[in-house]
Amino acid sequence: MKVSVVGASGYIGGEAVRLLMTHPKVQPNQITSERFAGKFVQAVHPNLRGSSLKFSSINDLEETDVLFLALPHGVSMEKIKDLEKKAGKIIDLSGDFRLRDPEDYKKWYKHPHPNPEYLKRFVYGNAELHRKEIRESNLVAGTGCLATATIMGLYPLFKNNLVKDQVIVEAKVGSSASGNKPNLSTHHSERSNVIRSFKPTGHRHTAEIIQELSFNSKPQVHFSGTAVELVRGILATSHVFLKKGFTKKDIWRIYRQEYNDEPFVRIVKKSRGVYRYPEPKILAGTNFVEVGFELDPNSNRLVVMSAIDNLMKGGAGQAVQSMNIMCGFEETTGLEFLGLHPV
Amino acid sequence: MKVSVVGASGYIGGEAVRLLMTHPKVQPNQITSERFAGKFVQAVHPNLRGSSLKFSSINDLEETDVLFLALPHGVSMEKIKDLEKKAGKIIDLSGDFRLRDPEDYKKWYKHPHPNPEYLKRFVYGNAELHRKEIRESNLVAGTGCLATATIMGLYPLFKNNLVKDQVIVEAKVGSSASGNKPNLSTHHSERSNVIRSFKPTGHRHTAEIIQELSFNSKPQVHFSGTAVELVRGILATSHVFLKKGFTKKDIWRIYRQEYNDEPFVRIVKKSRGVYRYPEPKILAGTNFVEVGFELDPNSNRLVVMSAIDNLMKGGAGQAVQSMNIMCGFEETTGLEFLGLHPV
Amino acid sequence: MKVSVVGASGYIGGEAVRLLMTHPKVQPNQITSERFAGKFVQAVHPNLRGSSLKFSSINDLEETDVLFLALPHGVSMEKIKDLEKKAGKIIDLSGDFRLRDPEDYKKWYKHPHPNPEYLKRFVYGNAELHRKEIRESNLVAGTGCLATATIMGLYPLFKNNLVKDQVIVEAKVGSSASGNKPNLSTHHSERSNVIRSFKPTGHRHTAEIIQELSFNSKPQVHFSGTAVELVRGILATSHVFLKKGFTKKDIWRIYRQEYNDEPFVRIVKKSRGVYRYPEPKILAGTNFVEVGFELDPNSNRLVVMSAIDNLMKGGAGQAVQSMNIMCGFEETTGLEFLGLHPV
Amino acid sequence: MKVSVVGASGYIGGEAVRLLMTHPKVQPNQITSERFAGKFVQAVHPNLRGSSLKFSSINDLEETDVLFLALPHGVSMEKIKDLEKKAGKIIDLSGDFRLRDPEDYKKWYKHPHPNPEYLKRFVYGNAELHRKEIRESNLVAGTGCLATATIMGLYPLFKNNLVKDQVIVEAKVGSSASGNKPNLSTHHSERSNVIRSFKPTGHRHTAEIIQELSFNSKPQVHFSGTAVELVRGILATSHVFLKKGFTKKDIWRIYRQEYNDEPFVRIVKKSRGVYRYPEPKILAGTNFVEVGFELDPNSNRLVVMSAIDNLMKGGAGQAVQSMNIMCGFEETTGLEFLGLHPV
């Protein structure tokens, strides 16, 4: 089966290429980059040294079975009609097709969507929430990395109607989430050692979070992002006030019920040892989500921690997981890496 | 004027020694450490290479004008009666005398206080809140580092009665806050690159925060701590729901009113540039607090960011500031370091 | 085929377990740790969360096809006679059996070897240099991490007789190379951000380097180690003075001749881009060695750079490579991970 | 006394401004930046928040007592004639006036010097080597950061004629040494965690090193640079082969003889503790040089380690030290910061 990646010079595109190169069921056919067309993939991704893959231009894109789009936000949505003709199945990794409601898109992205009919056709590509729809769809929207971490932590609580009032989410994130375009704020001397609030209010991923956690009504979820010293990884800490009467045992039961059969979800909550809660550092390169929690003995607050690798479960890994589902492969194929310790 | 530091081999004790060595009005007389008694201070604090200061045993402690206690939590409160005889003025840097109410102490520290009468006598050593009491007192309790960052961010809001309902505080903190005793969780390979929840609920500093922010009633402040890759520094992010009708302008006015004359407080909120909000990395070695905020346009949530160096404004720096006040020196004496950029 | 790992709670032991868990031809049978006997492997190695493997005591070690020994230096050499009875093939990852000459052992390790007859029987487990002997042996000594990086850089030059006079090697190394036993020098606040000379002279790996680079005579190789801020990875920089008359082209030819067919060696030397020379950071988790060089236009100095992941090609990865050779598997089996970018 | 800084938006320029702001004998008058003219200094240097200093254009430069030039390499040498008219004393921090011999300049900088007569007039601004000339000069050239670290380590050996044959220097350096202009190689995700050879041969600072270590003849010093994970700091490790007959005691004596009266030089060589050798991390923000050594018991190799903060003793700190000498101030004025531990 032939797979192509459009926009393969970015971090998520490069991660997709890496995963496809060792995937036993598919072969990366074309990978595109306008800036690097004609050059070997290793010109940008040094981990792929030795590969004979070369970038080509999107203008030379051939028909393919599966197409990954890893373009900057705003590009796919302009080109989607043409790109759809090239591939039986499309997985778009940008923010262009994640929201179902054109009004939501307009509110959070500050301009109307040029092809709103596609918003209904794309499936939100979180396998744990939408496995069935993904299997039946040819158009999947890769999910936002910060949204993915948050949703995976909160979904069982909202689905089972435990949440009262406002939810506060504070996500800590490494530098790779801002992509590979250099500027002063990502210059090493400036970005190193920071604990930098970058989007205390108004982060676009909030829209996805609210959409995916809406069961009977839109939840009041408030999101803030903080950049920390790390390259890969996200820890979302969510503070939830529970409706009356839930015990630690209930929470355990609810998380187990939702996630016990999930191949990529680990519930992490230990009373001893160094790694008691979800920890992004050990997830680098893996497609796992770790979810854990702690009940405040002094109040009805539940603190939920959820960790991912932003380029994997928050990007290319989840996209390959979706491809596996769409193509009828074993869902974990090509995503078996266990992660490193220490790292 | 003679000053001694008991427990000078720890990180906060060492920082106090450093500050006193270059303070123009005092001279470090004795510094104690049981483990390093007889050795030069540089045996533990390599930045003080070249100093002829030596550690001595607490048993050899002489009378002194000012005494800094930087002992592990639980030690000062047992020895306070004896130590009080040695010095006209005492600044204790542990958690032993920060709470006014013995019941609070028992609740958060899980055992009764052995000398509860001292809880009333010690002043909570945050100069911005208690300058007058510090000036008039001979017993000052150094404040908790995480509590200091949080309180400095929230104090103007509580004092001016803007806060509605629950407040969520999430503090990110570097490794030096856990002291210099090695264990597996602070082993470099394990501690590097983490985003580690270490006290999602039940952190003892919560008690100080609630105490200091109680104006008419005890506030509902919920605190969680996360360890990040950094040696020095804290960023506390507080999520506050405001009572009706406050605008960005009001918030500015309130912060300015409380902090404009404070020599160590900077209000930081910019719409451009790399450092738009409080940033601990540029505060390393300084006694500054940076406070900033952002109002959520979609709700009544105010996000307050506050940053300090945990060993300075969150420890030895604030203690020297208290000493300056107690002794009638210019408050900023010996604390003029501006901080480094980049670092 | 059954494989067991003795001493599996350390970093190299844990890495061996990880590799064996996803190796298609073998199954990890027993993993031992005295301290953690009875506990799940994830108690120490959080990346293996979800595995049902448990540590057992070395006293309960059963017979096995292949045995990896990842014990602290000095232990294997005492127990080797007993351990040999348990397994058809042994790969020892300590420093106990790397040197051929008992006199060398005594000189560098400062005590006589208790079982010197084994020094002759063990093969030095560097596949690129000793593939044939490894294939025919049942006893393989895993190679020192710093030695591996150095040897891989210098071997083609010594083998082809290009080196004149003294060679200086300076290796930079991450914290995982010093193992997982906490002490003050590895405490995060002390170990972070260092550029710390830790063994400017007298490093034991020098003995292996000299042994493996001796063709007609013992080479004069001088080794110094420097610890840098990093968890995994080594870059060895070797400064070689060449005999007369060699050009850049000659050097290229010699490296290509020795390494072009090697599945785990990459020659890296580019005139543009960010990653022009060997770079350990992109090798984390892989079994690759990168080797590059630069000729000084002002002298006959050749600077050789060589990079590895110290726990992989410098430890468990190379051991699995040896196992693959000993057992007749494809040499790269279970070692296909390409590495991450960025990381 | 009035001081101005031309090119104050860079890292070394900013560091000079910081030092001058708290220097008791001078006042920063003008600071220039073409890009930031009209803006407050904190627009670029967030550690100087609160200062009312503003950048102006070089075109508006007024006459001043002392002028610091912190322009990109190649600019000062074009403008020097005009700039000389503006100030009684000039300290240039670029590479433009460090070499005495125009032929050397041409060889290492690959183009002829436009104003070679100035090469004779400028004094190489290393106070420990040229204190007397600096005192008597009005034109001082700030020294290269890597050169400074290297020279301070090797100077006593060459001066006292101990060195035989070739010397190999390998310097490890943090990211601030490459300035504040963003590009892909300094992008946080790419620059983090590297051990990156950046100039294994041909580094321009080699010219300064050779010039300053030439006593009877030009020494054979070979320099290589490696970028490591750190913002501030350099450790130069120099490998020297000694002439016959020198003992550890002799080396101690020679270093003590040269450096014992130097206020900014510390000889560091301990047999126990964490910080046994020179360590840049504890020098951040200070003007100290640490120098240490180890004699190889197996050969005549001496390993010399020397550490500095590249922006301080390797830049602005050394420049202020020169200013102090030129102006007749106490040499350590404004440079008393002791450095932080831990950091």
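When the chains are written out, they are named A, B, C and D in that same order, and each has its own residue count from 1.
We adopt the following convention: a contact is a pair of C-beta atoms (placed from the backbone, for glycine too) under 8 Å apart; a residue touches a chain by one contact, two chains touch by 3 or more.
Keep in mind the model is a prediction, meaning the values are calculated, not measured.
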Furthest chain, CA centroid comparison against subunit B: C
Listed chain pair B-D, A-C or A-B that repeats interface C-D [over half of contact pairs the same by residue number]: A-B
Selected pair, greater C-beta contact count between A-B and B-C: A-B
Where subunit A and subunit B are represented by their mean Cα positions, the distance between them in whole Å: 38
Euclidean distance of C-alpha centroids - subunit B vs subunit C, Å: 46
Per-residue multi-chain contacts in subunit D, two or more chains: 11, 175-176, 180, 184, 189-190, 192-193, 231, 274, 279, 342-343
Interface residues, subunit D side, partner subunit B - complex: 11, 14-15, 18, 21-22, 43, 45-50, 175-176, 180, 231-232, 266, 268, 273-275, 279, 282, 284-286, 290, 336-343
Residue numbers on subunit B that touch subunit C, as the complex places them: 11, 174-176, 180, 182-184, 186-193, 231
Interfacial residue positions of subunit B with respect to subunit A in the complex: 165-166, 168, 170, 172, 184-185, 189-190, 192-197, 200-202, 220, 222, 224, 226, 228-230, 233-235, 237, 239, 241, 274, 276-281, 292, 294-299, 301, 303, 305, 307, 342-343
